[in-house]
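Read through the structures below before going on.
First chain A sits with chain B, and in the next complex the same chain sits with chain C.
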Partner chain A sequence: MNHNPQSSDGKHDDDSTLSDFLGSLMDYTPTIPDELVEHYLAKSGFQCPDVRLIRLVAVATQKFVAEVASDALQHCKARQAAVVKDKRDKQQKDKRLILTMDDLSKSLREYGVNVKHQEYFADSPSTGMDPASRDE
Partner chain B sequence: MKKSKSKKQSNTQQEATNVEEFSFNITKIAVSQICKSVGFKRSQILALETLTLVATKYLEALAKSSVSFSNAANRTQSNLLDLTNALHDMSQVGFRGASTLYDNNCLLKSSVLEDLSAFVSSTAEIPFAKPIERAKEREMEKVKASTGNLQRGAHIPEWLPSFPDVVSNEKCNKRVNGEELWENSSSVLGCQSDGFEEKRNPGKLAKERARVKFRINGGGKRVQLNGYSGNNLFSQTKDEEPEAEYKKPIKSKENQNRVYKRRKL
Partner chain C sequence: MNDGGLHNRKEQEKSQKQSKPSKFRSKSDDFALAIAKVAIAQVCESVGFQGSQHSALETLSDIIVRYIYSVGKTANFNANLAGRAEANVFDVIQGLEELGSGLGFAGGSDFDRCVANSVIARDIIHFIGDADDIPFAYDVPRFPLVKEWKEMESLWGKGEQPPGEHIPSWLPAFPDPDTYAARLSVGNETNSISSGEKTELARVERKMERSLLNLQQRFARNGNEGGSSNYGGYAGRARVASESNPYLAAPLHFGEKEVEVSPVVLPAKLSNEVALRNPVPENCDMGNRVSVLETFAPAIEGMTSGLCDLDNGQKKVVYNQSVHFKIGIGKKSFGTAPYFNSQNEDLEKIASWFRNDNEKDDKKRKAEKILKESIESSQKPTQL
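Moving on, here comes the complex of A and B:
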């Protein structure tokens, strides 16, 4: 890939920051194991002898998941703040931060992933209706 | 990170039957660790599996677009620049400098990489929770078992037969049924009689065929043979009597005339 030659100082800075970053990548162990990342990369046809790039992909995925999860957490906390009635309830609910499909679908929508989840499935149209109003 | 199912059930859930399930289960553990580090205490199982699926698809999409960038540049191995371009493509929320992406032609200054380096420096390491059974060691053991086939590499399974000996086949240019590459066929090389085979299946068409002409009425002079006798019955009339083609090759010219006369009605 060709890019225009820059001033030598700028290039040295970029190179040094990048090499530092790539060096720090080797110290940092991503949560997603290297073998797993290699498996998915091989499945997609990605070939690279450099381990640092594999770590970079793992870190990028980890960052993505962390961002989605933190957005979902904010949705969850916002919902709890709206529902709070008195102090006792709030403390109880703070301990129960649960990742629900609702929060997840809201946060994923911002990232372009549309996740729609059925609330429930009924076996007939009159399921759950008041027996007196059912047609018999 | 607790799940609503009991521990006993979750252990049996982790037995995978194929490679995809295995990698999916491992990814699920990693994703749950990330969610825990973000602050969640519990999760719905379906939500966790959905997030894992999205993570695997993100990984694969990143790899695919990186591969297509490198292939567009006549390379098979991806490098950092390909990966950076792929990261740019995958970013949904945008990043600093996205509007002036190709102005200064410097991909390495991209803010995506800066964000990643900030993430690396700020976030604590989360080592993977469980040990993974290494698949590579198992493959290595299999290769060591039979030393005879090591020379053809570990990527070829042992149960396949060995390659044919290339050296001894160099003298043999002809195939069994008289097939040849089109470039080597006589029609291209100029009607040489060197490549003329005598063994010929009666049911198959001759390679050197004269041009076919059709007439409805029958009779009259037909196709001229281009000097080949015998096997070129198929080059003759294609009239209402197609059976003539499948007769045995007639070698003398007299016989041909005889056949010819018979058709005149």
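Moving on, here comes the complex of A and C:
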């Protein structure tokens, strides 16, 4: 019961925060286009005529991508720093930061997504074996 | 070892087939996936990456698409749980909290937390404040496109009465009665052709010509416009056009015969004879052709003998061509009408041939059929 006056004030604040938040959403243009988000939301059964909600989902998705990508970037930089310790000339060569499956799977694992990538593909089960032991 | 390998491969193929037709991998979703790839590449670039592997980008875009889908699904579920059909901002924020609950967020363990005061919303606000405003690289249209239903196709749309109580009006309209009524009349009149009346034959010919030309023109028009409208006027215009331009003239039908006189060089005739020895059977539209070929059986006989007579000293070679009217989709354009002129003396020949038609042997007829096919196949490149 003590919460009530506080919570009512808090609710007003929260409401205003939320409405301000939704208003600020319209100023920001997310990189992920609205049409794409709308398409997949419609596929899942999400019905809402309000554009601000779609923007909200788009911004949330962009935040998720940014987090995953920044984690992968840190992994990539860490790997480059480890390599540079061995050879100094790699520093000039490997300035390019490339998003690889390896880094991506490591960063996604923390978010609960297990992405397993094939190490290599072989033509047949006996590829790479010694010709003496290969079954004909 | 080999058997084990084979077994593994089969399993792999099976699993691949099972995973392929997921809703995010189907052909219809290619466009959306491509857009997602571009958007995510832009985000990665803004984070600091200078390039990425193809497989990494595809994987990440696939995951993001599933993320959007699951947010929508959770939000919809929350809305339905609250007894609403349309989702709310609170539903969406709760959905985002659910998806982020694996990592955890501050205040997640509070039992009296307010959704409006959620940490997730605050994080998003901070993100908006920090991140640069990078718009999407391309202009994306609304998709999937919704095609408008063409109302004019149905009987009801055309304003016609259905020709029977059992036919509902929302069905598409019937084609023009000329296109199918003419065939019935021809069936009745084939018996009278053998009597050898020239004028009657000419009348039948002209009627069939007209109906087939109409049908042909109609198909061509429908292919271009996709709608049916004033029909009679067009047919009249088509008739006039056919008289002036031989290429627009009606194709031949069975019971008709047109002789073409054209300066074809002798090697064509020789190649015909060579082709005669090696008949090439044709696969397509045999049902339509057989009847025509049978009627032309006497014509073929007359033609081959005629060719030998006209051999020396003649630059013109007379030969008969028949045009098969094919309805439907084929590699060649339908309704090709080669150059031909009608001559009165040939009508007599036609009449005489039809008189002898019933006396032919089956074997002879087959031989002439093969002959006809081979001549046609050799003459294909010269046709339109």
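As a convention for this text, the second predicted complex is superposed on the first by the 108 of 136 C-alpha atoms of A that agree within 3 Å, B and C clash if a C-alpha of one lies under 4 Å from a C-alpha of the other, contacts with A are read in each partner's own complex, and residues count from 1 in each chain.
The working rule: a residue touches a chain if its C-beta (ideal position, glycine included) is under 8 Å from a C-beta of that chain, and two chains touch if they have at least 3 such contacts.
Everything quoted here is computed from the prediction, not taken from an experiment.
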| item | value |
| --- | --- |
| Chain A as common anchor, with chain B and chain C clashing or fitting | clash |
| Touched partner set for A:126, first chain B, second chain C, both or neither | second |
| Touching partner for A:18 - first (chain B), second (chain C), both, neither | both |
| Partner chain(s) touched by A:80 [first = chain B, second = chain C, both, neither] | neither |
| Among 57-65, 255-263 or 291-299 on chain C, the segment whose C-alpha atoms clash with chain B after superposition | 57-65 |
| Common ground on chain A, meaning residues reached by chain C in one complex and by chain B in the other | 3, 14-15, 17-18, 21, 24-25, 28-29, 31-33, 35-37, 39-41, 43-50, 53, 56-57, 59-66, 68-70, 72-73, 76, 96-101, 103-104, 108, 110-113, 115, 117 |
| Touch list for chain A against partner chain C, complex | 3, 10-11, 14-15, 17-18, 21-22, 24-25, 28-29, 31-33, 35-37, 39-50, 52-53, 56-57, 59-66, 68-70, 72-73, 76, 96-101, 103-104, 108, 110-113, 115, 117, 124-126, 135 |
| Residues of chain C touching chain A in the complex | 1-2, 4-5, 8, 23, 32, 35-36, 39-40, 42-44, 46-53, 55-57, 59-60, 63-65, 67-73, 75-76, 85-87, 89, 92-93, 96, 102-103, 112, 114, 116-117, 120-121, 123-125, 127-128, 131, 133-136, 140-144 |
| Chain B partner contacts - residues on chain A that touch it in the complex | 1-4, 6, 14-15, 17-18, 20-21, 24-25, 28-29, 31-33, 35-37, 39-41, 43-50, 53, 56-57, 59-66, 68-70, 72-73, 76, 95-101, 103-104, 108, 110-113, 115, 117 |
| Chain A-facing residues of chain B, complex | 19, 23, 26-27, 30-31, 33-35, 37-44, 46-48, 50-51, 54-56, 58-60, 62-64, 66-67, 73, 76-83, 87, 92-93, 104-109, 113, 115-117, 119-121, 123, 125-128, 132, 134-136 |
